[in-house]
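Labels A, B, C and D are assigned to the chains in the order they are written; within every chain, residues are numbered from 1.
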């Protein structure tokens, strides 16, 4: 449900993102989630270059996507995003997409990101700054790794 | 020059749109121009479905694109658009892309669109309503075909 | 493991599919799986238009994707595909991607497709012809729905 | 005409590349030309990494594309490519796309690439090796800059 989320990003479906069925091609939802991820970090005060600077790039390790109802050209979509867990090196994001101002679920996803050192590309502990800033938005304490 | 345009649309470069050179992959500029085209028509009061309704879909027949300087991830771009000519069945759009608030030209394009009947897909005269609405934005008279 | 699959399709990574990290952007793997899906059906004797003809279009309802190691520009990839289950209306595909001639797993996915009537878009039983042709490739009996 | 070309690359239209009009979205043709460009260099004996090694990366400076007739999902396309001119720092490619085994022109393009030093990103003279290898395929002498 939308009300479970404190953050969302709006985008409009592009002609280029539709396919011959007249709906958004499924791979494009992964790009939508990626855009929302970037905007989530901007919302907590971190641009992509800041993530690199504090020594924490991330890589997507796993994603589960559900396709519930089709989105169409020119629709404005709300891509809701939240962090549900921060482990030692991992961050779990949850996403839900709705048409602007509607409750019809278009799709959802759960993504597992791993924090890596931008130089060695090896997993590193999610930085305290990141835990603090995400916790502030989500109104949760992410200072200790969960599970 | 930006000042030659009465309309522009802003968009932010997505991670997905960059390539291994760290810059926007050239085919994505064509998508940016397409997005600006859609927004231009929205600005004059016509959504895509309105174009279909007044019996005038369009197809892109030709485009010339120039690549002047690279755009990068997370940059906000201004895609400026204007109609320079309306022939009997054709519409010529001109586009220029700049970083938000800067005068560094990233790319430009000139596109030739042909109005077609959505059912027969045959070229049709650009409708008077279209000429009127575009003329209103551009402050020019497009009621008579040019050349 | 590659040896678990009776079918694979090869494709070469395009420049357009890389991102600023110098590797394939994650959404493009979903397109790779989609391409392999089309080629799998071609391998069993069904082109996309045949699926429509026998009254069984399909929609992707869910996918789980794992990203194991990066693929890079110009690499030839083997996208292995198999059907693991056919339910009443559902078909489960499993995919694994490897570099040509190597055993390094790049990514894997499990996809749930639902057969739908191309006209009503409502779920329909996976047709017997489809069960037979898939069973022939996989050397398994899919004539009865599995759970 | 096809017979004007000594090289072509075949590719099959992907579902992801179609749009709601049921045809290939126009920006994807630019990707097709880019793929053919890569394969052209492979055909003369140069992989992308070889271009970097001989000190000649290239950037696309300008392209003119014409859209003649639509390509559709699952069609196999022949993307024909040739080099028509090599200037001091520039290389002009011409492209034409046809359905496999047909003479119906789908699209054409003329592209101007500029050779750049991979480190300084400044224009450099097109290397002699490149002139020689292209000349061998095209059966023309490109050793001296044209125009």
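Criterion: a residue touches a chain if its C-beta (ideal position, glycine included) is under 8 Å from a C-beta of that chain, and two chains touch if they have at least 3 such contacts.
Quick caveat: nothing in here was measured; it's all calculated off a predicted structure.
Among the remaining chains, C is positioned farthest from chain B, on the basis of C-alpha centroids. In terms of C-beta pairs in contact, B-D outnumbers the other of B-D and B-C. The centroid of the Cα atoms in chain A and the matching centroid in chain B are 31 Å apart. We define each chain's centre as the mean of its Cα atoms; on that basis chain B and chain D are separated by 25 Å.
A separation of 37 Å divides the Cα centre of chain B from that of chain C.
Contact of a single residue of chain B with at least two other chains is seen at positions 15-16, 27, 31, 34, 73. Touching chain D in their complex are the following residues of chain A: 15-16, 18-20, 22-23, 25, 27, 72-73. Partner chain C is touched in their complex by these residues of chain D: 14-16, 31, 34-35, 38, 47-49, 73-74. Those residues of chain C whose C-beta lies close enough to touch chain A in the complex are 26-28, 30-31, 34, 59-67.
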